[in-house]
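Here subunit A shows up in two complexes: once beside subunit B, once beside subunit C.
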Partner chain A sequence: MPMIIVGEKINTSRKFIAQAVERKDARAIQGVARAQADAGAHYIDVNAGTFLGKEAEYLSWLVETVQAAVDRPLCLDSPDPRAIENALDVHKGEAMINSISLEKERYDALLPVVAGRPCKVVALCMARTSMPTSAQERIDVAAELIEGLTGAGVKPDNIFVDPLVQPVSVDVRMGPAILDAIAGVMTRFPGVQTICGLSNISFGLPLRRQINRHFLVLAMARGLSAAILDPTDSELMASLLTAEMLLGQDEYCSAFIEAYEQGLLAINR
Partner chain B sequence: MTIDLNPLSEAVIKGNIQAATQETQKALDGGGDPQTILDQGLIAAMDIVGQRFAAGAMFVPQMLRSAKTMQACVALLKPAFQAGTVSSKGTVVMGTVKADLHDIGKNLVAMMLEGAGFTIIDMGVDVLPEAFVQTVSEKSPEILGMSALLSTTMPAMKATIDALKDAGLRDKVKVMIGGAPVTAKFAGEIGADRYAPDAGSAVAAAKELLQTS
Partner chain C sequence: MPMIIVGEKINTSRKFIAQAVERKDARAIQGVARAQADAGAHYIDVNAGTFLGKEAEYLSWLVETVQAAVDRPLCLDSPDPRAIENALDVHKGEAMINSISLEKERYDALLPVVAGRPCKVVALCMARTSMPTSAQERIDVAAELIEGLTGAGVKPDNIFVDPLVQPVSVDVRMGPAILDAIAGVMTRFPGVQTICGLSNISFGLPLRRQINRHFLVLAMARGLSAAILDPTDSELMASLLTAEMLLGQDEYCSAFIEAYEQGLLAINR
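Moving on, here comes the complex of A and B:
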């Protein structure tokens, strides 16, 4: 199975996006959406989390604006169940909801929403009262979330477990804990998928893009099925394609060779 | 008699626990004043660490290592202080707000403030506004620091500030806030005194608020 790519660039924590959203500059947003779709994104993430009080309104606007330009489902990225529900109302196709967790309010509010319609859901390994540290804690949270979601009628292959990526700069054991959690979820819960963002891993360190790139490859080797990333980052995408080939997911190495022939892998210029 | 505290500072900056604790012991054995060792050896070193970190010349793991080194040295100094004689730059009550479990940023800020000579009361995560108010009322800190990593939990910062007002405590304490979605603009809107984007600037902001160095 090739990796499912979620394009992360439409996030109001980025200044350019925040300004475009505030001005309701649809063309600017659509340009970023198209660039990501053209670069291979299967989903386009939309996040308006920095707009307190207006997040729900802006998220819905982003959904309509992006889907007017690209024929892709979106990843609705918000901790606020109300913002997600509003966005779902205007979304076309099967959205990915990012995310549900064991935090009670979020869980209770989102479970009926995801159970009531065909959609993908990210199950974030955040426990009820603390952040997980070990792989086992992450897998335990995942098990509970999977049980709750499937019990409510969500199909296993619509569940994407996010192991909750935390920086290695504060604790070097985070790397193995996250990677082991990915492997653990993929072997213990057949059909369930795994997903993560990359950038949290490199917080507090130099050369963040290089760290993110290597982390992606290591996570893929442990079975990661989807990633939230910048698909317009050619070096990152070159690593992704190469890893897919090495993991036996690129029949006759055709995607790799095609990308080479199009000059997409010429990262050393 | 003067004791050379430069090797101690160097060891703290490098995060070399063994060398730093040896230097601390050496300074104590040589009759060094514990307050001087603390101020000129340890806190001075952490000031440099904070500045280098803020300038992007040092990274989080190095900062953590230096902070841990300092803590080991402070543990050696403690018995040498008579009860109540350690001078503190001020007390900071800190916590992650209600319904928010993220603690990495808050812990980094607490560690650096401690390294700068502040006394830290860390209330952990998911701290209710009324719990903040109670601790401010009981401990009379100079500063209250709040962290939030989610757009959904940021309003708890405002709720806490409002609760401080209702309790008649708002003018008794400076309020600093931070966290990924938090901005200086938001700090202004909810009536916080300062926003700090990272641990290094949090130390500078705290010193500015209390007008100490």
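Moving on, here comes the complex of A and C:
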């Protein structure tokens, strides 16, 4: 199966987006949404997390604004269950909810929300009170989340486990721990999917885009099903297409060759 | 463990090398050997396979010529057991023999050679009369070769299984078959190593260096221990260093940061 791409750019941690949201500049937001959809995003992530107290209101505005412009489901990205519920009320189609975790308040509030309607849900490998370090800790949290979600009626293939990407600059063992967690989840929980963001991995290091791109390829080799990324980054997408071909997901190499002929693949000098 | 790098450039299928060998131009050959050693090669591959009838003589000359210039063991690359034996007679240190396979004549002649002295040996996943297609076929051939080699006294960590890389342009299932074979061998035969060349994977496609580089990263994610490649390809080596860091093989990211500071890592525009 080709990778599921979640476009990450509509996030108020980016100054351009924060200003557009504050001004309710629908055209600016819709331009970013369209560019990501055109570049191959299957979901458009919306995140208004920097606006404390106004997050719920702004997130719902983002949902309506983006869906007025592009025919894509959204990834509703918030740690706040109330913001997610409000956003779901105005969302058309089957949203992806990002995310549930074992943190008690979040878990208790979100479980009935995701169990009550058709949607995808990101299961973030955050334990009750701590961040995981090893692959095994991540898989243990995933197992508990999967058990809770499927017990509440969520189908396994609607669950996307996020191993929680942490920087290798802080601890070089994070790389193999995350990759082994992806492989472990894909092997032990058939049908369940995996997802992650890329940029945390390279925090504190130079050449971050290059590191993120390599991390994506390594994660794909271990079975990653979805990624939250910038689909307008042509070098990243070239890596993704190249890896998909080498993983046998591009019959007759036709997507690769077509992209090449359209001039979309040149990474290098 | 960081990747073991076998420098592939001294191969008479390259016109520059063939001409230098014919002229017995030691300086030209030694220049290519030194450049690869300086770029990080642990072994220097020597191959005179295009010279039918003279291969054994030329291979031995290459061994003496290269080892007069660089302090590295060589990878003696020939399907001809006699050429390998002659080359071993003049080789200093512990050579890598490339390769033994299940083809009967080659197997019977090489087994006593590699069993009788300390050396590394590449076990190529070529069956008696056919090329493998699936991962399972590769692993079956590997199992038989490993059994024969260890039975003859070769230590597992002196065995490098080569899954036999075939082009994805011919059959897109070759990519996952090779990658799954690498992972399968590393899991099922503890201590045994894996090795492969890169360039066959991209035969018949555009952007071959880019494809080869992605294949290396994917193979590293599955546990590949060694690669036959061009260590003077700076973009390939940048990918290798980046992947090693993300696989937890670069403590404190220090090799990556040092290479960055030396200007060795920039892949992109």
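One rule holds for everything that comes next: the second predicted complex is superposed on the first by the 268 of 269 C-alpha atoms of A that agree within 3 Å, B and C clash if a C-alpha of one lies under 4 Å from a C-alpha of the other, contacts with A are read in each partner's own complex, and residues count from 1 in each chain.
Basically, a residue touches a chain if its C-beta (ideal position, glycine included) is under 8 Å from a C-beta of that chain, and two chains touch if they have at least 3 such contacts.
Being a predicted model, the structure only gives us computed values, none of them experimental.
Subunit B and subunit C, once both complexes are superposed via subunit A, fit side by side. In the superposition on chain A, A:His214 contacts subunit C only, with no contact to subunit B.
In the superposed three-chain model, the partner touching more residues of subunit A is C, compared with the other of subunit B and subunit C. Once the two complexes are laid over each other on the shared chain, residue contacts for A:Ser169 go to subunit B and to subunit C alike. Contacts of A:Leu265 after superposition: subunit C is touched, whereas subunit B is not reached.
By the document's definition of touching, of the two partners only subunit C reaches A:Phe256; subunit B does not.
Contacts of A:Pro206 after superposition: both subunit B and subunit C are touched. Put simply, the three-chain overlay gives an angle of 90° at subunit A, taking C-alpha centres for subunit B and subunit C and rounding to the nearest 10. In the superposed model, A:Ser78 lies in contact with subunit B only, and not with subunit C. Applying the stated contact rule after C-alpha superposition, one finds that A:Leu52 touches subunit B and leaves subunit C untouched.
Of the two partner chains placed by the overlay, only subunit C lies in contact with A:Leu246; subunit B stays clear of it. Of all C-alpha pairs spanning subunit B and subunit C in the superposed arrangement, the closest lie 5 Å apart. Annotation: subunit A residues 169, 172, 205-206 touch subunit B in one complex and subunit C in the other.
Contact residues of subunit B toward subunit A in the complex are 59-61, 64, 99, 101-104, 107-108, 125-126, 150-152, 154-155, 180-181, 183, 186.
On subunit C, the positions that touch subunit A within their shared complex are 168-169, 172-177, 179, 201, 205-207, 209-211, 214-215, 217-222, 235, 238-239, 242-243, 245-248, 250-253, 256-257, 260, 265-269. Interface residues of subunit A facing subunit B in the complex, by the touch rule stated above, are 13, 49-52, 55, 78-80, 103, 105, 126-127, 129-131, 166-167, 169-170, 172, 203-206.
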